[in-house]
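Report on the following structure.
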Amino acid sequence: MTTNATTSFQPVLDRIAEEIAELTDRGTPADYIPALAAGDPTDFGMAVAELDGTVYGVGDWRRPFSTQSVTKVFTLALALAGEGDALWAHVGREPSGDPFNSLVQLEYENGIPRNPFINAGALVVTDRLHRLTGDASGSLLGFLRAESGNPDLAFDTDVAASEAAHGDRNAALAHFMASYGNITGPVPDLLREYFRQCSLEASCADLALATGFLARHGLRADGSRLLTRSQAKQVNAVMLTCGTYDAAGDFAYRVGLPGKSGVGGAVVAVVPGRCTLCVWSPGLDDRGNSVAGVTALDRFTTITGLSVF
Amino acid sequence: MTTNATTSFQPVLDRIAEEIAELTDRGTPADYIPALAAGDPTDFGMAVAELDGTVYGVGDWRRPFSTQSVTKVFTLALALAGEGDALWAHVGREPSGDPFNSLVQLEYENGIPRNPFINAGALVVTDRLHRLTGDASGSLLGFLRAESGNPDLAFDTDVAASEAAHGDRNAALAHFMASYGNITGPVPDLLREYFRQCSLEASCADLALATGFLARHGLRADGSRLLTRSQAKQVNAVMLTCGTYDAAGDFAYRVGLPGKSGVGGAVVAVVPGRCTLCVWSPGLDDRGNSVAGVTALDRFTTITGLSVF
Amino acid sequence: MTTNATTSFQPVLDRIAEEIAELTDRGTPADYIPALAAGDPTDFGMAVAELDGTVYGVGDWRRPFSTQSVTKVFTLALALAGEGDALWAHVGREPSGDPFNSLVQLEYENGIPRNPFINAGALVVTDRLHRLTGDASGSLLGFLRAESGNPDLAFDTDVAASEAAHGDRNAALAHFMASYGNITGPVPDLLREYFRQCSLEASCADLALATGFLARHGLRADGSRLLTRSQAKQVNAVMLTCGTYDAAGDFAYRVGLPGKSGVGGAVVAVVPGRCTLCVWSPGLDDRGNSVAGVTALDRFTTITGLSVF
Amino acid sequence: MTTNATTSFQPVLDRIAEEIAELTDRGTPADYIPALAAGDPTDFGMAVAELDGTVYGVGDWRRPFSTQSVTKVFTLALALAGEGDALWAHVGREPSGDPFNSLVQLEYENGIPRNPFINAGALVVTDRLHRLTGDASGSLLGFLRAESGNPDLAFDTDVAASEAAHGDRNAALAHFMASYGNITGPVPDLLREYFRQCSLEASCADLALATGFLARHGLRADGSRLLTRSQAKQVNAVMLTCGTYDAAGDFAYRVGLPGKSGVGGAVVAVVPGRCTLCVWSPGLDDRGNSVAGVTALDRFTTITGLSVF
């Protein structure tokens, strides 16, 4: 299904990799858990997947890493597919203007998180999906294995345990929303599901392929429909306005594509109707986005003109 | 230059106008100044301008109205053209997550407004443009007359006086930013310029044409360059993430185009590389955007598929 | 030890009780747990204890009720006695200007609660006392039995369980502060201790006597020293500026005494060097203070002139 | 009227002055206007006035300095005397928990400042007094001359002009409240009155005498009544809970008296029924209160036991 043959995107990726190799300031890995703190900012991988599943890559594009918040895209898509617009009664779709783990906004808006990509919103979405399926992290894993064509995708239990050990802030968010009635299940169960999802290991190739349904207007790799065309548009819109923590405006301005980043150093991006991308490099800027990753995407849209703007 | 001949967009506009005629809940006009409070929510006009200046329209598409915050797009473009990236030291480009005239964010971020489309940001941009040109509102008027091909465009001095009489909140914003050194000129002069800009009268046809440079990647109607391709992309990105007050996420989700609204009931939108739109209807929703206007744009992108997502 | 003999305070109490009987708007009992929601706003009791333990009372002054946040005074005193000024590294002593269970302030001040009487602050104080003694609620109970001379004082396990079942907001506060390293023990243990303390049942007579050390400049009922003179002054100062939720200024203005209220309807107050008071009536105002209770204290200071101002 | 004879308070003042002379860290003068920035932190003066007008002093106790926010006490008293409880519809009496010139609180509470001693509140009180008298600063000056017995008290027009030149933050506050209808007169007039009041020059002796009405339960120096006993208590309560910026709790805890500080380095304090104090030293701590001034008051209450707690 995947190939590295010399076709249209390969020269672009090669050129970007050369440019990124010159990059001197590559940021700092996340340090709140040991598994991430050990990341090497000089590592770099990038993959582009076409609508038919053809994948191009460069650097460490087949090497698994900790996906972290990138999985929030897939959890959102699965919950939206299962629950439809009723989901939006529990989580908003506006940018937050606050740090990703802020409680202030929640307090002013009665426990309804501003969007599905801040931690509070992702907790709510996980709670909804768990309620729908009885197994949120299992549903996520099954979906990602199917879309990437990689049956070896798995959670990293050490990372999940490490997240849980540093999970007081997320526990606070969950209990706080529960106090407003916006969490349905027991908080400890929810946190376990949430931290498992964050711990998923996958490669740039895996994530570029798995994101394909957003470029195919809702169709999965096997041609079946996960989301309506309108819902796929909705997820892309939320990614563009809220996908990169408190730097969504800057990302839209520089990259101009729907995207979602994670503190493991990955960023996925969507060119609707054309292709999907995943780039990975563990060094982060002060807003939690991969320095080399955002730079590579910026170069990609500049070179190819494939921005939505 | 303009025509109403039966070409591609006319049937779409006619269909949308029919649908909008059925709309029962059309919102409420802004009521903070008499000129706006007199607006009739059943009024409706819509225009589409192609890259070459061909314009299609329906309803009151040639009738002038108070453009209000829609002019912030043009002021931003002129300031960015004149000052370049140095502009971004004085105003951010992130969504605010707060109401359009909030002072809270300013206090936490030392007088730097989050983006050019909240009132504080527009005051800063006007101050920069006034500093560059010595005549911010004159520059704006000249640009809009040239792009729209309408030499009769003018400010409404009654509206400007009315805005000034209700201008304590904007005066507070300007003095507050001045206390941080982020306003260079005298506050009373700045306010006069600002309120003049808000008072511009123009029609859907005028505004659709005047927005054309954003669909032409920075080129003006006469083919000369106002913005670099990258700067045009930047303005579109800021419109998409910040152009509709505290409903930017919702607008991206429903319409999926860069857009900017005003409390006079107008909304402009850009389909990069293809066309620009302006719709007008005075009834607003509770976040200050035209109810019929957003609905019409939503229908337009759904019918034509011309969303960026 | 106690007496109801006809001495100086009895006529004042009798007069106040008569006036309170005329009070028509008596507020509404707290309704977040069933045990409190069942309260009757027409119930009323008041007691005054002189420095030597002489007690005067009127109404239901010997009837036990749920003391709730009134116990925060005693927990603070015990923690301050045990830890000294080092306590103030973990909790501030400034009024909060926010609701008693707000998370906003915590976020802006890095997990250090503004004072010991908002819920977050009381959780920290309980955590410190539990760390010092290994049994925070046991220490509290022992102290209160000794000072009141009432060996039957006890926690109400139903109320404690009910509090725990509605405890998500407090769990959020505790986890949030733990994320800043400002909680030393396991959060579930802390919550159990905290909810037990809230559930203490005591009467006006019990609480007036137990508060006596604050009027005796730090000396316990048996003459031994709990707090230094300076520490007793500190606790009184914190009560005056922070003891009645978001109405401390209003309480100082009307009553003019250090005081502490609880949502069970009790309020204790201190006339340094002279006497202590406890009043109880379950109807609360919209800021959580007993309507009849504050009115009775207001009348007491007006009639006797025993305000600190 | 005043005397320096050897009576009860003189030895205490002498002892305090000796201790203060040893103080090494004396803070930093306010630097936002030149007149204050030139202050010398080693300057120190202190005065105590008894109820009958007997004054004791030490150090620079007769030297005039810029009174700044200390005048807010007198403006409040005059407005309360003129308008009665209706004043409290325009300004609250709760501690703010925010910096003295914050706009955040105003926004959440619809333009009603939390108390009369934050800048927003003092602007409102000045507006009310100006409305009542037609000459707010003239009323203030007349009152202070009468109470101090010093006909030479005057405003410093250079300081007032300097304040106005750095007055954008206060202009923002005034316009912001005007946008909520909580300022009745033209903002420029209000600002002129406000800055004049801040510029008053007076000595420790002058201010200790002028504050006497608060220790005399509302009676002026000539025995006439300015405030009811209840109103005097109200002003004292507001001073205790709100008089020292964001350090009111700390001041209550250390000093235990109603007090009001100014960035010129003065602090006045009241021992109800006994005496009033004024201390001055220009070095401020990071919350804007005189370091030597608060230390001296702390020593005074510790040595004399004259705290309200």
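Letters A, B, C and D mark the chains in the order given here, with residues in each chain numbered from 1 onward.
In this text, contacts are C-beta pairs under 8 Å (C-beta built on N, C-alpha and C of every residue); 3 or more make two chains touch, one makes a residue touch a chain.
Note that the structure is a prediction, hence the values are computed from the model and not measured.
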Could you tell me which chain lies farthest from subunit A when each chain's centre is the average position of its Cα atoms?
D
So what's the Cα centroid distance for subunit B and subunit D, whole Å?
48
Inter-centroid spacing, subunit B versus subunit A (mean Cα positions, whole Å):
32
Chain centre separation (subunit A, subunit D; CA means) in Å
56
Sites on subunit C at which at least two other chains make contact
none
Pairwise chain contacts under the document criterion
A-B, A-C, B-D, C-D
Would you tell me which residues of subunit C are touching subunit A in their complex?
102-104, 106-107, 168-169, 171-176, 178-179, 187
Subunit C partner, complex, touching residues on subunit D are 92-98, 105, 114-115, 230, 232-234, 236-238, 240-242, 246-250, 252-253, 256, 258, 272, 302, 307-309
